[in-house]
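Next, two complexes with subunit A in common: one pairs it with subunit B, the other with subunit C.
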Partner chain A sequence: MPTYLARRIGQSLLTVFLTLTTVFLLVRLAPGDPASAYAAPSATSADLARIREQFGLDEPLFVQYGYFVRDLFTGDLGTSYSFHSPALDVVLDRMPYTITLAVSAIAVTTLVAVPLGVWMARRADTRRELGANVLTIAGQSMPDFWTGVMLLTVFAVLVPVLPASGFTSWSGLVLPTVTVAVLQLALISRLVRREMSTALASSYVTVARSRGVSESALTWRYALANSSVPLVTALGTRFAALLNGVVVVEVVFGWPGVGSLVVRALETRDYPLIQATVLVTATLAILVQLLVDLAYPLLDPRVRLGKAA
Partner chain B sequence: MTPTPHLFPPPGPPSRRTVLRWGALGGTGVALGPLSACAGPTGAPGPGTLTLGLNRSLVSLDNKLNQFDAAVTVQRAVRQALTWIGPDLQPQLVLADRFEMTAPTAWSVRLREGVRYSDGSPVTVEDVDTALRMYGEVNGSFLLGLFPEMPTVEATGERTFLLRTERPVPVLDRLMANIHITPAKANRPEELQSGLGSGPYRVVSANGGAGEYTLARNTEYWGKQPPVDKVRVRFVPEESSRVIALRSGELDVVDTLTPDSAEQLAGLPGVAVQETPGVRICQLFYNFRKPKGHPLADARVRHALTYAIDGESLIRDVLIDSAEAAEGVVPLALQGAVRTGTYAYDPRRAKALLKSLDAEDLRITIMWESGEFAGDTSVMEAVIDMLKDVGVRASLRQFEPGGDILKWRQGRGGDWDVIGNGFPGTTGQALTSLQGMYGGTAEKERTRDTYMGYVIPRIERQLSDAATETDAAERDKKLAALQHAVWDTWPSLWAFAPKTLLARRDRVQGLALQPVNSYDLTAVRLEG
Partner chain C sequence: MAKDTPLLDVADLQVELITGQGVVRAVDGVTFTVRRGETVTLIGESGSGKSTTAMGVLRLLPEGLAVLSGSVRIAGRDVVADPDAARAVRGRTVSLIPQDPMTALSPVHTIGRQLGDALRLRHPELTRTEARDKGVELLGRVRISEPETRWKAYPHQFSGGMLQRILIATALAAEPELLVADEPTSALDATVQASVLDLLMELQEHTGIGMLMITHDLGVARLVSDRIHVMKDGRFVESGSAEEIVERPAEPYTRELLAAVPRLGTWDEDESSYGDGDGRIEPLVQGATS
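After this line comes the complex of A and B, so read on.
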């Protein structure tokens, strides 16, 4: 296990570094000019030259990269052009909001989608299952922007029981959470349904049933337990994606997370902020994947980490 | 002997099942925690709290770099300047009780007695001197472009000083409205993160990253206490969300509305929409870098093309009456602006003129940055059709925001013929807008620092003459003549000035929206 962990951490660090390098190059190759985006419309060429010098953008690309790598190892990701504060601090200020929304959305998704998937598997090929399928797919098919605005119109204007935007109280979490969760429900519930259907049709379930094991135990302790590996993998992947920010939902609900931050950073060509955001979100996403991998032996005793199958 | 069963299992590593159970329990707790808070408040502001929803993130309460209209409303509530531009776009005294031109290059200023910051310390002459230097040292400042030169401070007493310039700057009293004063010791040539000022409000909490601030009455305020106890500033980027938040009562004021949203909100119970003529001019500006012999280098061709544009339809049908067609080279709401003419729609005349000028097969490229003005794409598509009707084939080129506009404006991005571009009127003065657009010289053009290559020496001379004229009446006369002269050069295919739109809840009273898209927070009161 320690060898496995060390190897995975090493791989993760390399992945983050390569991701950052790619982002460093791509943002500089993309159209746009940070100095022009930063300066006043009336800025002169001399003003722009001064700004480029201030940001170190007048140096050759490889020199900029050298400084970037050097500063990266000291934890300095530069000062955000638009926030005039250390870029990493700006991202870390926003991260709790993103994590809160991601955790909340994934928890609600799990609490609704897993029982729903099980229910659908138990009623496979019935009208009820078809109805549930249609509902979840409809939820997934609706653009998140539209879902968000509809929820806002109903619960913030017509029946004003929830806040329309921001995170000024815990109730402000409800509508963004529901909007994000609606999108995940179809995916997770259908996955659970498929895995459960396969498991419930397995011979070990038939044997257990013949031994008098109750249907409830068969469903929850036998079939679901054996479906948990793909389920946790899917939830982990979705959770990691949510940690990168749910841009549209954040914009609609005025949610101060990293998704809306990165949009702003891209619009203003705020290189340090883009790089800091990528560093934080990539690290978290890789960490989540690592935790998912570590959870496998807990879910399935046959899995041995670090050993060939 | 039968072993005694253990009442509690012996300690040891938790089993797989235990870990799973605790994990499930924790997950459920995490999920139910937030949901259990559903019964909490809806986010509606309290009776003494005014909540403003901005469409751009206010990253700081300092305006050295962060100069956009609605931000100034909030920034000025915390930090004050020597003067401010009042509702009639005339300068009014704030921290100064005297601001007079005593010589063409000198202004005598006296600080108001008893003015102090929210920490009780007095506002001093040194603070003014430091502020001017700090603003002058900031790279990329919006304000530096407005000042022909930064004045220097010469103290003449404890509260008195002279502001000196090398050349006459007759609108210095207006320009100084943008220089916010903060204690000298805390001032730096960068955007300040702390919010210490002498204004009617002090900062209670600030989250620049999220663009959220809470201001409370400054009990040390030297003037009359403002009617509203607390002001909350929130950043809500998406317009539809801001509209919904206003309708739900969560926000009290949303500014910089698009025509669509204003139309949605107009007539709704509990909501009022306010509008005022704007000071930003949006133009389909010609490229003045065309070589001699190119049709667009000829003012007569530029003029002929203007007849192809049905401005009235564009304003009515595309911009939903949210703008006014330009009747001058700068918006008429600006102080010193004059009416110079109108854009007439006469496609037959356009065709005939183009034919007589041997420019009937003209092909032009129109470009613009996405979101440069409300309804930009629709306007451009309509313009293409209108030009087609007079035989001009036009193609559109749209680019995304992110710093490319300057490249195109400087002609470094490639060739184009017409660009859709807005020019702000931050100071409320026609003079500064005219200087920004039509003050190009051959020297500036060498570094491409003119506005779309507009270099007409006689215009620049007239402008310089007007800019240094110290007699106000004479200056206005010269400015009027200059604007007529610029109009005759036909710099734009068409132009309009978007109205400034704001929506507020009915309980918000006393809000006097200015053409510069700002208002005085101290005049706002809450009723009901």
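After this line comes the complex of A and C, so read on.
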């Protein structure tokens, strides 16, 4: 187990480092100039050259990369061009909002999609199941900005019960959460439905039924427990994706998360800020994946870490 | 229930299965009874409807895909007419020993959890510790060694023969009057088959339960049965005592089934392959006559 953990953490660190290197190169190879985005429109080419020198962008690429790696290992990701403060701090200030929205959206998704999927499995191939399928797929197919704007129109404008934007109170969390969850419902509920249909038709459920186990215990204790590995995998993957920020939803609701920060960083070619964002979100995503992997042997005793390591 | 009421009284049972190719009449009007302390065997080739009969009797065929008619009275209650009666008798009056022990227990729960649950369903007043003590004792009765330590083990940590013993223990947890054994030994090795059958017969001797045995194996049928019904295409083609059926088969189909029983002898590559699906009964028959 300790060997396995050490190896997984080593792999994770390497993945984060390679991701950062890729992003470092890509943003510099992509068109656009941080200096002209930063400078006033009236700036002369001499001004721009001075700004480039100030940002260290006049150096050759490999020299810049050398500085970047050196600073990375001291925990310094540079100063954001537009915020004039350490890039990592700017990102970390935004993270609580992104994490709050991601946790809340995954919680709502789980609480709705799991019972819905179970219900669909137990009413497989009926009109009601078809109806539930159509509705969830419609939810998934609607663009998130449209869902967001519609929810805003109804619940913040026509019937103003919820705040339209920002995060000033917990009620501000409701509409962004619903918008994000609507996108996940079809995926998770259909996965639960498929896994549960297989589990409910399996021999051990029939045998348990033969010894008088109630239908609700068969569903929730036997079949759902046997569906937990793919379910946790899917929820973990979706959660990791949400931690990268949900750009459109954050913009629609004025949510101060990482997603809207990324947009601003890209617009201004704020290299240090882009790199800091990638570092934080990639680390979180990989951490979630690691936790999901560590959960497998708890959910299914047949998964043995001893053999995998 | 009157003393002379059969434990299981099946009258003109028909089972129609709804399949992709249309409706198939898998069981076409069978009538038989099982009394206390008696073993009745349904024997037939694959697809003869014997397992469908057993699962139909317990109402364990998928709802909506199987249509039952006729009557099946378990301890006097008709489970065809009343699905609630089926739920009421399962795990109390009647238990199932399934065909394939390797897939018959939930892989993510310990055997103790599943056996303990079965005990607590029958005796809700038992605490977890009491259920555990009782379960460990049951595991000992089906000759699982070190039952205390094995209580916390998962199904994948056991062999097929051990799992079948655990499933027998789980079926016994219900303290049933009737056991339905759906090919209880066909997924097991020859030597293990013998010990599982021995165990079943010994338990029957001690408890006097009635048994409905499903098998395709005449050796098994001869060993355990009081009465045998030979089944083909959903009907009984021949019925009688074990001796009558084996010694004086009237129907060509029964004679074919008998002829399909391989003899124990030297390996003959051209002739047949001793040790395939049906080639494991000879030791049992010897055990029965010795």
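Criterion: the second predicted complex is superposed on the first by the 306 of 309 C-alpha atoms of A that agree within 3 Å, B and C clash if a C-alpha of one lies under 4 Å from a C-alpha of the other, contacts with A are read in each partner's own complex, and residues count from 1 in each chain.
Please note the rule applied: a contact is a pair of C-beta atoms (placed from the backbone, for glycine too) under 8 Å apart; a residue touches a chain by one contact, two chains touch by 3 or more.
Remember, it's a predicted structure, so these values are computed and weren't measured experimentally.
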First, second, both or neither for A:Thr206, with subunit B first and subunit C second: second
First (subunit B), second (subunit C), both or neither touched by A:Val161: first
Touching partner for A:Asn226 - first (subunit B), second (subunit C), both, neither: second
Touched partner set for A:Pro301, first subunit B, second subunit C, both or neither: both
Subunit B versus subunit C as contact partner of A:Val247, first or second or both or neither: neither
Touched partner set for A:Val23, first subunit B, second subunit C, both or neither: neither
Partner chain in contact with A:Leu48 - subunit B first, subunit C second, else both or neither: first
Residue contacts on subunit A - larger count, subunit B or subunit C: B
Footprint overlap on subunit A, where subunit B in one structure and subunit C in the other make contact: 299, 301
In the complex, subunit A residues that touch subunit B: 31-48, 50-51, 54, 82-85, 89-90, 93-94, 97, 100, 103-104, 107-108, 110-111, 149, 152-153, 156-157, 160-166, 168-174, 177, 251-254, 256, 260-261, 264, 266-269, 298-299, 301
Subunit B - residues contacting subunit A, complex: 16, 19-20, 27-28, 30-31, 33-35, 37-44, 53, 57, 59-60, 65, 67, 139-146, 190-191, 193, 207-212, 234-238, 240-242, 244-245, 247-251, 399-407, 410, 423-424, 436, 444, 447-449
Subunit C residues within the subunit A interface of the complex: 55, 58, 60, 62, 87, 90-92, 95-96, 98, 100, 103-109, 114, 117-118, 121-122, 154, 156, 167, 170-171, 173-174, 180
Partner subunit C, residues of subunit A touching it in the complex: 201-213, 217, 222, 225-226, 228, 299-302
